[in-house]
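Order of writing sets the labels: A, B and C. Residues in every chain begin at 1.
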């Protein structure tokens, strides 16, 4: 419950490492890797799109872990981590939708296609924005933590169902067109960016969780035995 | 749970004026949606199922929010929780009552859709089954979320749809698709797979929300 | 040894930055009538609500008839009945329908609180005093071993005052423990076995 008040070194180191790796990986992806022979240069967005997708899912999964841990343990550190993971996850999911739209326009000729992955991400994005809104509207820290943990579990359980429903809808309509799997020679920039975003994400979550802990510390009064008083025996 | 359900149905019966108002709201939405398409018979038929479910979804937020109004007025819900009944029974009583009310609303909106969109189907039994499964999917998470939002001091009206709508995308998809197949014909026999998806959604959320309700109402 | 009716140790409960109850320790034996005195906002209601399991404590422990209010919530709920400053009533239901949620000898309870003639009227037509009487009937129907009464005299007429006195006496002869949080200090002190005074969430010696 009592966050460390020292300057947080680890998250900033992770952020710096992430930026360097992202620059390197993107350079490799944009200028060194050969163009894909079906889609050409458009395909290069995969070097950031796929790592973003992995990490967005990872952030949301971490939020679920935090939600379950909070409900069982009642430790507010998990609440702070959950808030951080949801916010970073929402950011990544938003970026993911943008990248997906950018990729879809030259590939399919439309900004939005009912790709199951893209649609599922959008639904997840709105579901988690809803949870962030809930957190803004509830003042009592205990209820805020409990309710957003419950909502996180419920929203997460929806992911596979949304995915299947959109897949079915699509397969009954048109042939499924999905991004081609990346061939062996493209692996290095993909992996670099995956780790870059992982480091960035972890750094942001750590910083944001620290902020949330500090706010919680401000919202919750210190235990009464620290204030003074020994209980009088009647 | 039977006692909890009896109380809910009694409350709903006493406040039936509200249910009628919600029905009028749903019917009005259907009328407005038809204006969005314009006087094009085949386009109207094409979109009838989707609009029926949208109207039902929009009306459902009113029904769900209303169902906790009576509980919060004098904290009657807390009074029930302090009796030696399980919170789960209270949840299921409420969720079933909401489900029945939404299903009735859905069935009541069918004739309106048929008239406005020229969307008749001979398979009434299947249609009622879809409405039952679909409204069950709205009711289970909807009851849980409205238990939450009815306790917030700010933003009640906004939070419920904000939380509920993304969650029930699969319900809307499956129910609208299945209904559409009934109206427009189902040459490839796909209705059954949509019904299975609805049933799976219902099974997951009716059990999950029952488990989590206790944590939502405790203080 | 038989466990105490109420056993509270180091009990604390916070609302945001404020501790409504801070480190309260007290004990009451079975069959006693206990008065909790204190000004508005001193923590009386919070204490009763923790004992009734309406809210969880943040620190310390509380037990009713030996049952812990957090771990053995069901047993505590079976043993206690809370007369809260919320009426716990449904406006749209009649007096009888409201009581039927609890069950038991409903007619008898309605007669006891003087509402027999209005049994089938909706609560929305009731005055504040009548609502209080109906809430009392709720408590009686629960046949509690520990009755927790928060401001039982509030909103009542002189007849109602006498009714409360009688009901408390009845509960006591039934062997129940009665905890009363009240501002009617002299009236309750006349028949209570034990008095605790709360001040700013703390117990005053």
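We take it that contacts are C-beta pairs under 8 Å (C-beta built on N, C-alpha and C of every residue); 3 or more make two chains touch, one makes a residue touch a chain.
If you're wondering where the values come from, they're calculated on a predicted model, not measured in any experiment.
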item: Neighbouring chains common to subunit A and subunit C, by label; value: B
item: Closest chain to global C-alpha mean, per-chain Cα centroids; value: B
item: Pair joined by the larger number of C-beta contacts - A-B, B-C; value: A-B
item: Chain whose mean Cα position lies farthest from subunit A; value: C
item: CA centroid of subunit A to CA centroid of subunit C, Å; value: 48
item: Geometric centre distance via CA averages, subunit B-subunit A, whole Å; value: 30
item: Between subunit C and subunit B, distance of the C-alpha-averaged centres to the nearest whole Å; value: 38
item: Residues within subunit C bordering two or more other chains; value: none
item: Residues within subunit B bordering two or more other chains; value: 218-219
item: Residues of subunit A engaged with two or more neighbouring chains; value: 139
item: In the complex with subunit C, residue positions of subunit B that touch it; value: 3, 7, 10-11, 14-15, 70, 73-76, 78-84, 86, 218-219
item: Touching residues (chain side subunit C, partner subunit B) in the complex; value: 52-56, 74, 77-78, 80-82, 84, 86-93, 97, 101-103, 122, 138, 142
item: Complex interface listing, subunit A residues touching subunit B; value: 71, 123-124, 126-127, 129-131, 133-134, 137-139, 143, 146-147, 149-151, 153-155, 157-158, 161-162, 164-166, 168-169, 172
item: Subunit A residues within the subunit C interface of the complex; value: 139-141, 219-221, 223-225, 227, 229-234
item: Footprint of subunit A on subunit B - complex, ascending; value: 141, 144-145, 148, 151-155, 158-159, 162-163, 165-167, 169-170, 173-174, 177, 188, 190, 193-194, 197, 200-201, 204-205, 208-209, 212, 215-216, 218-219
